Structures are given as C-alpha cells and as structure tokens.
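Next come two complexes built around subunit A: one with subunit B, the other with subunit C.
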Partner chain A sequence: MSKFLLRSKFDRHILFEWILHTTMLSFIRHRCSWPLGLLCVAVLAGCGSPEAKFRRYETFAKKTGGSESPRTGLPENQWRGIDEALAGLFGTPDQPIIPAVENVSLVLDQRKLERAAGPVHSDELWVGMGLYREHCAHCHGVTGDGNGPTAPFLNPYPRDYRPGWFKFKSTPLGAKPTHADLKKILIDGIPGTAMPSFKLLPEEEVEALVQYVKYLAIRGETERRLIVLTNEELDEGERLVSFDVAHKSGATEAEKEAAQKEADERFAEQLEMIKETVSGVIGRWAEAESAAVEIPQRPAMTREELVASRQRGRDLFYGTIANCAKCHGDSALGDGTTNDYDNWTKDIIDPGKPDTTQEMINQYVALGFPEPRPIKPRNLRQGVFRGGSRPIDLYWRIKNGIEGSPMPAATPKPEDNPFAKGLTPNDVWDIVNYVYGLQFDPLSQQPQGFGNPLVKTN
Partner chain B sequence: MLGKLSLVGLMLVIATLLVGCIRPMAQEQITVVSHVSTLQEKFREGAVEAAPGTTAVAATPTGWATLKGKFTMQGAPAPSVLSITKEQDVCMPGGKPVLSERLIVDSSGGVKDVLVYLSTKTPVTPEWEHPSYADTKTSTVEFDQKDCIFLSHTFAVRSTQTVKILNSDPVGHNTNIPSKGNMAPANPTVPSNSSVTYEPKGESGEPTPVSCSIHPWMSANMIARDNPYFAVTKPDGTFEIANIPAGVDLEFRIWHESVGFVGKATGIEPDKKGKVKLKAENDQVVEWNVEIPAP
Partner chain C sequence: MGRFWSILFLLVPIFGVGVFLWAMADWWPMQGHWLPENINDYGHVIDNLFYFILIITGIIFVGCSLALFWFLWKYDAATNTEPVKYSHGSHTLEVVWSILPAAALLFIAIFQLNAWEDQKMRRPILNSGADGIEGTADDVLRPPLVQVTGRQFEWRIRYAGKDNIIGTEDDILTVNDLHVPYGEDIVVQIQSMDVLHSFFLPNLRIKQDMVPGMKQFVWFRVREPNVNNAKAQKYDIVCAELCGWGHYKMRGRLTMESRQDFDRWLASQWDEQNRAEFKLTSSAESQ
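Right, the complex of A and B next:
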C-alpha cells in the first residue's frame, strides 16, 4: 500500500489541490468552524508538491523481455542506465532539453518547449508557463503515456504518445504526422472523445503545446528503442551507459590507466549508440514535414451528379474492393466488426487472441496498462468524424487508412492496368460523398440528395 | 457532537478518495545527478567521436557452410477451434471447423513454422553474402490468403524484397502489418481475387503479428531481415539455411509463435532470449535436432 502511495505522487498532488479548493470554498460559503478549516489546510499543505518525474515504459519492456523477464521487464540496474540516458538526452519534465542531433531544429524549438514544460505558473511578465500540465497532463500524463489521473474514466482512453503513432494526419501509414496535423487536433479537438478544442488559447500557446507533444513522442519512441537495444544488444545486467571503472585491488598505475582508457572508449561507444538511436527517431519526424499526401481536386457537382456520385459511392461501400461495410456494418452503424483491438493495445498484448488469459493481461495492468477495450468502427450515421468533418479529412482517412487502428488504406487503381482492382481518386470522392451524406439519410431509404449541404444550388 | 461527527466523516471521505483513486503505475525514473550532467554535457558537445581503433572490424568469413535440422515437440496441446463469425460460406468451406495455426505438430513431432534467423549484424558486402542469394535480393515473394487463412503462417522476407500480397478469396480482405523495428507498417485493403504490393524497407528484430481486420480470427507472423540467412520450418519441422558464412562467430535466433523466443531446448543451447552461438567450418553441415518443451 505504502508503495503505491509513494508511486502516485502526481495523482495525489492534483487530488490534494482539488480537495483543498473545494473544502476551502465550502468553509467560506457555509461559515463552518474555522478550526476545522485550519486543520484541513495544515493536513493538506503539509504534503507539499513533489517534483514531477517521467515514468518508465515498463509495459513495453515487459512485452519485449518476454515471460522470463523481471516483473518490470528489466533489472533495476539496466533501468537506471535507460533512465540516465533519457535524462541526458531529454532532461526532466521541469527542465526539458533538446537532443543535439542533426535536423533537430526542424522538429523541436527549445524556447517553445520551455513554455509548455514545468509546473503551472506565470513569469515576471505574467506570461503563462507550464501549459502542458495546465491543459494536458491530467489526461495524457506527465510522461505522455496517456495515463494521467483521469485516464481510466475516459472512453476512448487518452492517447499514449510514446509509440509515436498518431491517427489523424495527412501523411501515409508509417510516417509521422506533420506539425500542422497535430496543431489541427489541438485547435479543433476530437469530436466524440474527451479531447477538447483549444481554439481559445493564443496561437503561441498552441504552438508550444504541439512542440511539447512532439517532444514527449520523440522521447517515448527513443525509450522504446533503448529498451529494445538493452534487451537485444547488451549482455545480461549490462547498463546502457556505465560510469564506473572496475579497478582490480592492488592494480598498478599502468593497469589503472589501461582500465580507465578502456572505460572511456566503451563510454564513447555507448554515447554514439544512443545518439544514433535518437537521431533515427528525429529524422523520421523531420521527413514527415514534406510527406503529406496530396489530395486531388474534389469534382464540383450539380445535385443530380451528386446523387449519382453517392449511388456509386454506395456500391463501392458494399463492394469487395473497398470493403467498407464489412467493419462499418450493413447499415453503416459501426457494428460490422466489433471484436478487434487497436495497436496501442495489441502492441503490448492482444486480448483478441484465443490464448490470451486474463492473468496475462493483469500483469500489464499492474504496470499501469489501461484495461483493454475493443476498438469500434465509426458509426457513420452520426456525422461525428474524429479526424475532422471536411471532405478532405474523410478523403485522407479513406486513402491513407488510420494509423494504429484496424482501418486499412484504400488500394489505388494502377494507372497502367485498367483491369486491376482498386480505387481511382474519383472513386474515393464518391465514397466520401456517400459517407458524408449518411448522417442526413434516414436508415430506411436509399441515399438522397435532399437536405445535403454538399449539394450545390445553382 | 455534530461537529465531531462531520470531522470524522470528512476525514473518512478524504481517506476513501485517496485510496480509491490510487492505481498501479510504472515506476518513476531514478537517476544520479552527476551521471546525468556528464551525459548532458557530452551530448551537447555535438558528435561524439568514437576513439580510433574501437570499432572492431569483424573477421571475414573464410567460406560457406550449411545449417539444417529439425524442431520437434512432445505433448503439444491440441489446436483450438477458431470462431468464424463472418462470411462462413467462404471462410468455412464445407462447414468444417477451422483450427488455429498457432502450433502445428505432425505425427513425427515436427513443429511447423519455427523461425530461425541470423541475428548477428553482418556487413553488407560480397564476403558476407554468398552469390546464390543475389537473385533473391530484390525479387518479389508472394503472401497469399485463401479461405480466410494466411497461407504462410510465419513468413520471412529480406527487407529489400517486395511482397505481393494476394487475395485468392471472392471476399475482400485487408492485411494489417503493424510496425516493428525498422519494418514499415502497412494496412492495405486487398480487393477480392486481386493483389497489392508491400515493401518492408527495413528489418525488424522479431516478427510482427499480421492480421485481417475484416476477419479478426486470421493471423500470421512476418519478419523482414537485411541479410538472407533465415528459414521457417516446413510442416515436418525441418529447415535448411544454405551458404551461411563460415569461420566467423555467428548468432542465430529461434522463435515460434507458441513460445516466443525459444529460451529452453534440448539439442542446442539457446540463452534465455533464444540466441544460439555458432561458428561453422568451411563446407561443414551443421545439423540441429532440437526438441522444444511444449508451452
């Protein structure tokens, strides 16, 4: 018990603050006895506010290490090697730093990062600081592990940034999102989830938060790679970075010097290996900025043309090329396939496999893994599209698929082979038109053009 | 009296709140300040130059050898029956139950789909790659599905090869290949009786689970490797990797879906992570007859 108490200092901190505010308010309002109020203040204030720290990625280490590994995936000694390497590269939640590698300036900006980091406060010019902890950490967690204090109560769970996968983006599967993609999510929020819109924040605050999200994602992915490195490349119990020089007892000066030289060389190799790892991660983010998939012009249509386009879209929706209805259901209510899991879950453990037991899931839940929930295909009749409701957003989702989810990418029709199966850009637009209009169609009727704001009136 | 009661009540509420909200979390980082400041300084200095002479030049192979053998298992559990929830006319031909392919053992005890691959990082030079592998370097390999079953349950390719994902069914599929290591992720829809291509582009240290979101019971494993030295056992449990580099220290890894990395076996001595050291003589035929304990 006491171990858990110590381990969730951050949760406690937030809770204390909340209790403090509410009890104080109620005392003032209801004029309750002041001694009682003072007692409460003393009890709560005495607990202070511990320094926020990043948490280890134990679920991933456990998964990588396999069933023979220790409870937390790695021995304590090896964990500390990873902790120190990460702190050396990225600093702490209060003092973030940017790893000095090639192209990092294309991806991260130290000054913006500092505005988002640290505890919530304002500087001497009343500029708001600690934006991440003010707006994001209660759901996404200080570490960006999607495991803040409110996380278990939300459905869907807040995003865990650490694998570096983001769903709603303009880039193809496997590529990172662009800066603009993440910014759009912050500004518009994600309809149908707990993610709110931050449209009311000043531009520079949104910029700082996007930077910080990228920082946490890069840090998380680096941690994953360092865990794999520790598991695959190092000897049992060997640390990722080692600072101690082993001197034999009674060693001569020459022997000591040789041991020191050897240790220095090993240290340089270790640093090189860590640096290579982090530049690999940052390189992918830098590439993404020019990787957005271009969208061909959406054909302008009259009402009759739109009705015809929606009819074609409907045929594709139910056909065996696009296969939409297989998961989204025969009535597009999102009830076709409801027993699959997203990659954030399957990456650690796949509850859908027949041999996965509750016991196996529990060992990850004990490390902070959220209780797995099946992922549901979108109910397309509600007109609530998480990645945005513009036609271009729907086009990207269909064309690229949705990273980390079961939603596949459309197979393009090859231009050189008219007999090969696939979708042309106009086919995709037909599906977009059909899907967008579903929210206006009564379930019992064929698609109509009426009442659809996409219809051009001329 | 009332005041006392409310005080006790308040305390109880606070206690319940605190206890009720505490849930297991991962451990916070533990660092030594001086270590971190040393590292930060070193990283800030820019490129860290490895001291000259430390990059050990690996020995060059003196020739070629063959690694072959057979994996067996005694007392394997019977395969479970998959629940086919959709399109049973196609996915359950004849209404016969479809069995899981997670662990298939034949009558002689041979284990299908054991993956054996060279895990040593080898230079990409002709001395390390036998000419017989030149043709497969950028060739196209097929990964098919029929009756809603991936025909290659465990599938290994070279990262430079192209995978032609076929769909031999009259229904549509999608092939969800999540990212693993440097292997590119993909999740294309594969129209009925058609095909799409996938390029892994990079290698991964362990197989990634392949699935079809439309038919969630479908599963396979895929790994991409930079070097050509890998094999998947046939239904009788045998495998052969021809022309492996000889005269050098190599390390192979063994993996099977039912046990993960094979850390326990008789016949060879793998470490806990399924790694087996091997140094073959020129033209030697190394033979492994390995028994894996049942999961």
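Right, the complex of A and C next:
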C-alpha cells in the first residue's frame, strides 16, 4: 500500500483496524473458533489506533471562503470555532450525540447510533459494535466524506454524504431520502458500483447503519452551513461561539461589565443561529418521511398492449419532451452526453468550465477531493439499474430525476390541457416499459456460443 | 542435548496426527474444525476422495517422520563413536523412491476420474432423448434453475423463471440469497462479471472458480432433511478465491426448502420485483 494512497496516519489505522477485525473477530464471533482468533490477536497485538476524528470540510470552505486563508478556506481560529460547535452538537466518531433540537427524535435514535459508531468491537454480551467502521468506513470514510482508504480504487467514487444529497430515493429532487430509501440501498446494494448488498446483516444492524449515515449527512450539512455562516455573518477573524471578551487596557469595571454583557448577548445570538441551522437540516429529514412520491398503478396490459406501450415509450425516448436520447444516446448505450460532471464535483469545482485549470483542481485534490471524472449516463441495454429494477424504482427515477446528477425530473402534464408539454403518469409508465425491455432487445444480447467446451449445453 | 532433537522430531508426527484426530473427534477446543455437514447426495464422493488422499499422505508423512527420527536417534553424534562412512548411494533405492510416488500419483489420477466426471462433466439430464439410452449424445440436459454471477463483492442471482431460460423477461432477480428445493437435481450456471471468483458451497462439497468470460455449470442434489428438522435450513456461500480488497464481504446464504416453500418464495420475489404501485400509507412500514 503506497504512501500516496493512504493519505494520513489515520487512514492506515482504519485499514489496520479493518484487517484486524475481519480476521480476528470473524473467527471469534461468527465461527466460534477462538484458537485461530487468539493466534491473530497474538500476531496483531499492539496495533492500537489513535482516536478517530472527523475531518474538516476544507474543500467546501476553500471554495466558499475568502481569500485570506487560501489553503483551507478559513483561518485556524475560525476552524476551531466550527470544530467546537460541531463537537458540541454531534460529539465525536467514538461518542456520537444527537443535537438537542426539536423533532430530532423523528430522525435520529441515540441507541442505534451508538451501535454503529466507535471502533469495531464486541460489547460484554458479544454484540457487534462499531458497525460503520466495520462495513462502511474503508470506502465512505470516518467522516462520511466518501474518502476512505479504498475510495481511490473505485469508479464511481463512494458517496460523500456531507452535502446531504442522495441519488436513489422516492422523494422529489431537493428533498431528503426517506428512511426506507436508504435502507433499500443498504440491503440491495447498488449494482454497477462498488456498493455491495448488506442483505445478510441482521435487521437491527442495518437500522443502526442507516441511522449513522443520516447522522453523518446531517453533521456534514450542518458543517457546510456553519462554514457559510462564519463567512457571511461573522466579522473577519471572529470565531463562532467565542467566549473571549476583549478588554481595553485600563477599562473600568463598568466598561468591563458592558463588554461582558455584549459578549454574552453575542454568544446567545450565535447559539440561536447554530440551533436554527441544525433544526433546519433535521427538519428537512423529518419532512422527507411523508414526501415520497406516490405512484399510480401501472395499467394492466396484454402482450400486445405491452408492445404498443413500449413503442409509445420509444417515441417519447427519442421525442422532444422526454428527450432521453440526448444523454443516453441514440442506441441507449449511455453515450449521448459524456462530458458532464456530477454535482458532488461541480459543487466544489467544475472541470467542464473553460476557466478551470488543472492547477486549481490539484489544489482541491491536495485537500482530499477525488480526482474529477465525468459522469456517465446509464447504458440502458445492460439491465443493470443502480437504484433498483422494480417498475416503481424506474418510475421514480424518471418522474423525480436523480439528485446530484444531470438526470432531470419529468415535467408533469396538466390533465386539462392536452397541448401542454409534459408527461402523464401513463407516459412515464410507457418509458419505464420501454427502458426495462431494452435489455431483452436482440441488439443488447451478448454474443452466444462461448462456454466450457467440456460441458454439453443445450 | 543428546537425544533432544530426535525426540523433538518424533513429536512432529505425533502432534500432526493428534491435531487431525482431535478435530475429527470434535473435542474442545477444536469443535467445528473438521469437515462441515454434507447435505449433498453426491457430496460423499468428494469426502471419500478427501479421506483416501488424506490416508495416503498421512501414512507417507508418518513414515517419513519416523525415518527422520530413526536416523537422528541412531546416528546421534553424542553417543556415536564410529567414524563417518561415505556412501555413493544406491541406484536401486533411488529408482524405487522415484517410481513409487509416481505410481501413487498416477493411481490417484486414474482413481479420481469418475468423481471428476461426476462433478464437472456428467450434468444431470432431463431425459435420455430419442434413443432412450442414457449417456448418449442426444440426452436432454437439465437446464439451469438459476444463474449466479460473482461480482466484486456480492453474488447476483438470477432464476430462470417459468420458461426455464435465463436472460428472459420472467427471470427473477435477487442478491446473496440463494434458495433451492431439496430432493431434486439442481443445476446452477455460474459466471463472473469482473474478476476471478470461486463459488464455494462447503456443505454441498462444491467449489468452482468463476472464470471471467466462461459459462460453467455446477450441480447437486440436496438431501431431504429428516422429519424432526423439516424447517428451512441455511448454509453459507463463500468466495474461495481472493478477488480483491472486499473478498471477505462476498458471503451469501443458501436456503434449503421443500419444493412447495421454494415455489412460494419464488412467487413472492416475483411479486416484489414487479411492484408497480406505491401508496404513501404503506411506505411507513415497508417499501
């Protein structure tokens, strides 16, 4: 493992912890074969880890920040203010806490979070703890920034939770995913990416992990907002939730008291702002639970009607309203528009813009930003649908669009105006039927005839 | 030091054989270290081969170790006063110890042929074709019930569905969760989507590398569980070829059930796969 890939000392320790766990604990916990487990303990003893820490959101601060701290966006003093505010609200990777705001219990559950947080270990009842670092952190990172030690090997990159955008969900663009949406991704995985299925984990472990993903997303989005707040609301160099009171030399008691009072007011005001910021983020997550888009029943069809529906879907695919072919290509191979970038990239720096130089990109890469890669429209002929291949999954993708990607939401067509531009639910179903059927098109089939020459095939 | 080294070397075969016997006896703390339960009707062939080879190699191992011990003991420098003798070797002896292992290997190679063909070539048939004779070219082979595709790092599973053809619209898709009915010949088509994986079902004594670009078949028949243990049984599917950094995540589950339960399960998967309506009221509990 080269030094280049393991960017920090901590990365190396995550990897160690991960190896230690997957060898030793899997022997001990799952196989009840402690002689082998003890052997691993003996071999790997002494590889203790330093305490895990959340990484600062430097790429975002650099992009939004002023010019006085060009490297990491904010001066150290202001970073400390944000660190402290976040630690007060969310705790640490080993000891997460739930911010004490209204409605938080609708979104987060302290006990489940604790199950997923912390280093990988078993408690006194042999219950597996530290699930996030066991299963997720080596790709998604301790901070949930999609920047774990194995992340550079993957294409697409692991998701960075911090902006709070999730692709495969039942809610409209801009809304958060529901709990069930995230759970489905954990259980089914994302075919076509490195995200595997965690179907065989017990229900309560999946629940704990979904909670922890939400926690990291909420924490990350709060960090973004606090960075913006620091930039916009605070004086230059002023620190968030600062206790410091500046006294002029030779100030009288009354002046000191007045300064103290002013500082206290400022402190209370900032505290209120921070609280509002967090409740804003959490409120959006709470709203999402009832924001899933309903899907009307797909019309029942005979074989002939299905063929006709697919033909209508095909017309829409190539037509000017849906115009799927623009990005997905004339043969739906995903080769229409291949030079666009996803929002996780464009949010920080858009390599597609003519004035973006490689040097600018490198500055972000030095802060842990993944080397930008263009986003590929899906090849629809493979039958691999990342967000699931059930009819309702495809319907949601077309109807709602895909968050963070160039895939737009369908414009609904008003019922009363047949001439308006847009798609009716049945139009969307036609496209779903067409797109789902593409994998069975003769053009999509792999060349046949290969196989084991020793085995007869029918 | 005298006899120390000879005794130490004597401990090697004793300890080696001891560990094996201990594990076979399932004694503490070696429980569960010997072969896992075999649930495949054809699995005993593999087990018998394993024991056969284990016994041959065990005898040779013990013999070699004892010979080593004997030399160490007899020619111990501390007790031996005779001068060293130089030998030009024995031609006969060299021929014997070359030919004997070669013959043993050749014997094993021929002895296992039948097991190999059973595992890799004689795929179960549906019927014996027009001529009514099994083993002829017109036999109709049993089509695969399910296709398992290894992918970094999971098992993508595709049931052939009602038409018994994989790759058609009535296929049933799932991941990591393989169900099969017991008491029937099951053919599984295996392939890899990316790198070399190995489809390993320890309880069925099946292990086959999935080679990218190759379509291969494995088959088995799960023994019917006895009446006391009639409920569905679950076993491991693991990847036995280091396929990347997430190799350890490639764990699947094999569920054995009666044909009736299997059909019911498959139908429920099919219904879920075809969910074409979503109402908000039901979203809270299940999606």
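The definition used in the following text is that the second predicted complex is superposed on the first by the 385 of 458 C-alpha atoms of A that agree within 3 Å, B and C clash if a C-alpha of one lies under 4 Å from a C-alpha of the other, contacts with A are read in each partner's own complex, and residues count from 1 in each chain.
Criterion: a residue touches a chain if its C-beta (ideal position, glycine included) is under 8 Å from a C-beta of that chain, and two chains touch if they have at least 3 such contacts.
These figures come from a predicted structure and were not determined experimentally.
Enquirer: Now for A:Leu443: first (subunit B), second (subunit C), both, or neither, which partner does it touch?
Expert: Touch status of A:Leu443: no partner.
Enquirer: Taking the superposition as given, does A:Leu125 touch the first partner, subunit B, the second, subunit C, both, or neither?
Expert: Neither subunit B nor subunit C is touched by A:Leu125.
Enquirer: In the superposed arrangement, which partner chain does A:Ala254 touch: subunit B (first), subunit C (second), both, or neither?
Expert: Neither partner.
Enquirer: Of the two partners subunit B and subunit C, which one touches more residues belonging to subunit A?
Expert: Tallying touched residues of subunit A, the top partner is B.
Enquirer: Scan A:Asp181 for contacts with subunit B and subunit C and give back first, second, both or neither.
Expert: A:Asp181 contacts subunit C only, not subunit B.
Enquirer: Of the partners subunit B and subunit C, which touch A:Pro391 in the superposed model: first, second, both, neither?
Expert: In the superposed model, A:Pro391 contacts subunit C only, not subunit B.
Enquirer: Quick check on the superposed pair: does A:Pro196 touch subunit B, subunit C, both, or neither? Answer first, second, both or neither.
Expert: Once the two structures are laid over each other on A, A:Pro196 reaches subunit C alone.
Enquirer: Just subunit B (first), just subunit C (second), both, or neither: which does A:Glu294 touch?
Expert: second
Enquirer: State which residues of subunit A lie in both footprints, the one left by subunit B and the one left by subunit C.
Expert: Common to the two interfaces on subunit A: residues 33.
Enquirer: Show me the residue ranges of subunit A that touch subunit B in the complex, using the header's touch definition.
Expert: The touching residues are 4-5, 7-9, 11-12, 15, 19, 23, 33, 36, 39-40, 53-59, 66-68, 72, 79-80, 83-89, 91, 97, 99-100, 145, 147, 149, 152, 165, 173-174, 228, 231-232, 236, 241, 243, 264-265, 268-269, 271-272, 275, 319-323, 326-327, 337, 339-340, 343, 346-347, 350, 352-355, 365-368, 401, 403, 406-411, 420-422.
Enquirer: For subunit C, which residues count as touching subunit A in their complex?
Expert: Against subunit A, subunit C makes touches at 29-33, 120-121, 123, 139-141, 143, 151-154, 156, 167-169, 173, 175-177, 213-217, 245-246, 248-253, 272-280, 283-284, 286-287.
Enquirer: Touching subunit A in the complex: which residues of subunit B?
Expert: For subunit B paired with subunit A, touching residues are 3, 6-7, 10, 14, 17-18, 21-32, 35-36, 38-40, 42-51, 54, 80, 82, 85-86, 100, 102, 119, 170-176, 178-179, 181, 184-194, 196, 205, 209, 211, 213-214, 216, 219, 260-261, 263, 272-273.
Enquirer: Taking the touch rule as given, give the residues of subunit A at its contact with subunit C in the complex, in rising order.
Expert: Against subunit C, the touching part of subunit A is residues 22, 26, 31-35, 135, 138, 150, 153, 170, 178, 180-181, 183-184, 188-189, 191, 194, 196-197, 199-200, 289-290, 292-298, 389-392, 395, 429, 437, 440, 445, 450-452, 454-458.
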